[in-house]
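Here the structure is laid out as structure tokens; the discussion comes afterwards.
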Amino acid sequence: SIFSGVRDSFLQEHQKKEAIRSVVQQLENTSCRLVTHFSLIHQTPHSKLAELCKSSEPLLKDVEQQLSSLSGIIPPNHYYKYHDHWKCVLQRVSFMISLKAFLESSVSGKTSEALVTRESVSATLGGFQLDLEDYLIGLLMLTKELSRLSVNSVILGDYNVPVQILSFVNELSSGFRLLNLKNDTLRRRFDSLKYDTKKVEEVVYDMKI
Amino acid sequence: SIFSGVRDSFLQEHQKKEAIRSVVQQLENTSCRLVTHFSLIHQTPHSKLAELCKSSEPLLKDVEQQLSSLSGIIPPNHYYKYHDHWKCVLQRVSFMISLKAFLESSVSGKTSEALVTRESVSATLGGFQLDLEDYLIGLLMLTKELSRLSVNSVILGDYNVPVQILSFVNELSSGFRLLNLKNDTLRRRFDSLKYDTKKVEEVVYDMKI
Amino acid sequence: SIFSGVRDSFLQEHQKKEAIRSVVQQLENTSCRLVTHFSLIHQTPHSKLAELCKSSEPLLKDVEQQLSSLSGIIPPNHYYKYHDHWKCVLQRVSFMISLKAFLESSVSGKTSEALVTRESVSATLGGFQLDLEDYLIGLLMLTKELSRLSVNSVILGDYNVPVQILSFVNELSSGFRLLNLKNDTLRRRFDSLKYDTKKVEEVVYDMKI
Amino acid sequence: SIFSGVRDSFLQEHQKKEAIRSVVQQLENTSCRLVTHFSLIHQTPHSKLAELCKSSEPLLKDVEQQLSSLSGIIPPNHYYKYHDHWKCVLQRVSFMISLKAFLESSVSGKTSEALVTRESVSATLGGFQLDLEDYLIGLLMLTKELSRLSVNSVILGDYNVPVQILSFVNELSSGFRLLNLKNDTLRRRFDSLKYDTKKVEEVVYDMKI
Amino acid sequence: VDIFLKYQEELDLKHEKQERLVKLSRDVTIQSKKVIFQIHRHFDEKEDAGENKNEDILREAQQKLDFIRSSLIRKITEEIQFEDVGKFHKSYSSGIQEYLEAVMFLYYKKNGRLVSFAEVQKDLIYSNDEASSSDKNYLKFPLSVTDYVLSIADLTGELMRQAVTVVSNGNTTLPFLILHFLRDVQTFFLGLKSTGNYSCKKELSQKLSTLNECVTKVERVCFHIRL
Amino acid sequence: VDIFLKYQEELDLKHEKQERLVKLSRDVTIQSKKVIFQIHRHFDEKEDAGENKNEDILREAQQKLDFIRSSLIRKITEEIQFEDVGKFHKSYSSGIQEYLEAVMFLYYKKNGRLVSFAEVQKDLIYSNDEASSSDKNYLKFPLSVTDYVLSIADLTGELMRQAVTVVSNGNTTLPFLILHFLRDVQTFFLGLKSTGNYSCKKELSQKLSTLNECVTKVERVCFHIRL
């Protein structure tokens, strides 16, 4: 009958969503471990940051593998149909990857590599598709974290870091100002970027005095 | 008829709830007096904190007694049926007990005793059952209070306290990050822990400068 | 540390909730099938109702089995901790069992057996604990269904059924009025009982005219 | 100090409210019994209505006594300060008294006495002040009940009652149309009066045919 | 910062496309609603209004639907042909649901039963007259099963209204046919619910409860006919 | 039906009186807010702006408050003089609270402490110049303790703003005085809470939490002064 075909489609859809949910839950656990790992930056002296970044890589490998399982479930061209399921966790992972890039450039002094591109994040994710807005939200999470890091670097005696952060945050700000944002999540998070910038400026100003 | 039996059950249930409500109201009054008592920490110099803690003990005795009355009313196995009635007040009392423990360790310098365990809180409550989440929420209320205390200690000239607080709050933060929190009350309050930590960091930072 | 113990508790708690959720989901599916099954009463002539009731019994057996699995998961004394998880589905199942009892008494003419007791529902559920309020809410769902049945019986030409329903609903109404209901869910649903009664009265009235 | 005086006022206020609440709770029980008593009108033949009204009088005596206790608690000219506490129960009692008056006039045939005045209700309440809006809401509750009674009178074979009800409801409608109602509770309830009137008209129309 | 210029372009293009799709979807909604009203007007007529006039009205409705399909929905299809399925679904789904409702209503009126998913999907395949895409000589609108199902629920509301209307014109047969159909749909929805954690749980639950109300109303109508 | 004509009149009179009171209350609010802004402007000035100028501003504020009292609040008092206390309270309480806040703010500025309930009530007793009511030669506005308490909570917001302002003008003493005062108020509110199920529980809880925020902000100010 007409109805039974529809019912079958619904059942298949249901099973696919359950499969997605299961992989996403694993991803969330890994991303949680990543966040815990990188939360140590606020207590880690600059000389040990390279090591901290290095030791996060097995976790990023796990992420890559889990995303590869996820890719196996999503039918071609149906990324956005299920996007809501992994949006949040992907933003967080993207945030972690861009944080790692910033820290590594801070250590190496190659400021041109401080900002990781969307393509580069996606590559680290084993080529898993990354929505532009999710990548941008990840960057805004990064600036929030860096504003806090600028305070803690001073406590740790690393007086160079806040200056690097300020320059990076200023660059991001001018970038974001180019975008025509609608009144959505991105817009609201962008508003807090202004606040984060101000905080970093105060730290650098306090150090000058 | 069936309904006259139902009616009796309803009457008994009603009376039980009234009895619970009445004891819980007394508990709320006592917990309010505790909060008022400990609100003085923000104006009390470090040398007088031991005394302040000591003089809170009669109020804690009252709490113990009231909880013992409560235990007498709750039928066995029905703790969670009425849990919502005392959840809030128990969180607040647990917060007060963990605040007292922190202050005492700050005075004595025994930093290993700064964090009181759930078992220990429950013992202070005369053995009254304390749900794990309620204990944890109590700890998160504590970090909020301590972030405020770090500011006021500086006003009082006690420059050592903010450093103690920062170390304690950092310990708690790493502890909480171990937990895989879902999107519930605990999670939302945990987010404010990050904010509190940031505030304490800024205080220590300002002192350094 | 304190927190690794907490973490273990959280994991166990999480697993328990997942196990409960999984069984409850099965229960929901079965209860949905029960509702679908009994939705046929509105198209079934009175002479075939006995058969309809009979053929629902395998589904009720499934419910019994699933509740028995559920009992295996809930630790003793923790019924009310997780009550919210199965409250709704249990109300619906209780509704179905009391509907079956009413229909069977309507067929056999034994009006004294029209109203099933809570003990009897609980027995059909294999002895699974049934909260008094959940049982009563099930009865109020029943009156709503019966008010609809009174209309459809007339369409089917079964003119005796609305009279039976009116008498049953009146009995229930006087029962509920004995209870001193507070301003809660039960109270609100009781208000709709008045409305249902009125509808049945109008059907009987229309038949008289 | 300035504060201690204020605190005393608050305590006294609190005690007064507790006393009021306690009496109001008794009133609610009595009014519940009144409602249960008069719910029998839908199953009582016209010849027995006089008796039913008569036997409600002890309950009304209870109400009078409880309201007299209430009067003893309220300071002179402070009726409206605590009005919210007894508003609902007084509306219901007023509804019951106006229902009784209507039934008695229906039995005696003195249609001029069908509508009881506010002064008269207040007198039955032992002179307790009755807010105009509460009295009017009581009347609107009455019309709802009477629209249901018109249906049930036909079931009971009392074909005269619906005609009396129609005439009464029409009179009330023209009365209410005189009032300039704001967009409040009274207004919303008045809208349902139109619906009730329509229902009674249909019953009388059905009987004519 | 240069890279942000690229991001700016990508975001702007997406927003503009969303905007165009929302506008097209609104047009689809408005036009489809008109078709539904037109069919309702048809039922307002007495049953014996004459076959010819009724057929005229139905033919006109069919033409309007053909127009919606070949112009508006075709434009939507062109907009999304190279896009990921689902990326812009939210922007146009309300229009598509309204269109489906109109198609189903007309089809029910003509054939007394529900049009199948395959039939509706078939109508939404267009020949591709652009030379550039030589590998693919047709365009297919990606119809979603969820939209199809939600439209069925909306259809029941129209049929309920119809049952109420025709009875006051003295038609005492159609309400029973409609009741029968609505109960089939109700059983189908209940069945969907019991297949488990189906997609769009919340939306379906809402639709199911209004569907139940519709059934109850048509039952009242049939009850009064029977008495 | 005749009786309904009487009801009509009673309802209309009540609604009209409510309307007049709401309007008066709004005027009181507007005027009182102006006074509060005026005092704030005063604090914007440097501390050493000269005693004379400051005194002028305070005197002007006092005159405006006298005017509010002797015209607007007097009119309110006349409206409700024969009414039950509380019957129209909701219609005018927001204006009265704003007035009390202004009175408290000015009084704090002049005397560095809280004005008592009795003092505010005393100012709201008017001589009655109407010949008709010979038995009572004065009119008294029935001040509610609750309104008084809620206004104290609002006052703390103004004082917090003041602390932030003066510190940027180099005044490092006043913030500590204000902090001390706010903490007293905080303790008082906490004490009220522990006396039990006090009236207006919800309102007080809200005010208490904004009060806590004010205290925290002033603490930050004092912290930065101390460093």
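When the chains are written out, they are named A, B, C, D, E and F in that same order, and each has its own residue count from 1.
In this section, a residue touches a chain if its C-beta (ideal position, glycine included) is under 8 Å from a C-beta of that chain, and two chains touch if they have at least 3 such contacts.
The structure displayed is predicted, hence computed values, not measured ones.
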| field | Path length in the contact graph (chain B to chain E, fewest steps) | value | 2
| query | What's the overlap between the neighbours of chain B and those of chain C? | reply | none
| said: Among all chains, whose Cα centre is located farthest from the one for chain A? | reply: D
| request: For the Cα fit of chain A against chain B, please give the angle of the superposing rotation, nearest 5 degrees. | output: 95
| remark: In terms of CA centroids, furthest away from chain F sits chain E
| Any idea how many Å lie between the Cα centroids of chain D and chain F? | 41
| message | Distance between chain C and chain D based on Cα centroids, please, to the nearest Å. | response | 35
| query | With chain centres defined as C-alpha means, what is the inter-centre distance between chain B and chain D in Å? | reply | 49
| Whole-Å gap separating chain E and chain F, where each centre is the average of the chain's CA atoms | 60
| Residues within chain E bordering two or more other chains | 191, 195-197
| field | Multi-chain contact residues (two or more partners), chain B | value | 174, 178, 180
| task | Make each chain a node and each touching pair an edge, then name the shape: line, ring, star, complete, other. | result | other
| field | Chain pairs that touch, as defined at the top of this document | value | A-B, A-E, B-C, B-F, C-D, C-E, D-F
| note | In the complex, the residues of chain F that touch chain B are 183, 186-187, 190-191, 193-197, 216, 219-220, 222-224, 226-227
| Quick one: in the complex, what on chain A touches chain E? | 2-3, 5-7, 9-11, 13-14, 17-18, 77-83, 115, 117-118, 132-133, 136, 171, 174-176, 178-182
| Which residues of chain C touch chain E in the complex? | 25, 29-30, 32-33, 35-36, 39, 42-43, 148, 151-152, 154-155, 157, 203, 206-207
| remark: As the complex stands, chain E meets chain A at residues 1, 3-5, 7-8, 10-12, 15, 84-87, 89, 114, 116-118, 145, 148-149, 184, 188, 191-192, 195-199
| Residue numbers on chain C that touch chain D, as the complex places them | 170, 173-174, 177-178, 180, 198, 201-202, 204-205, 208-209
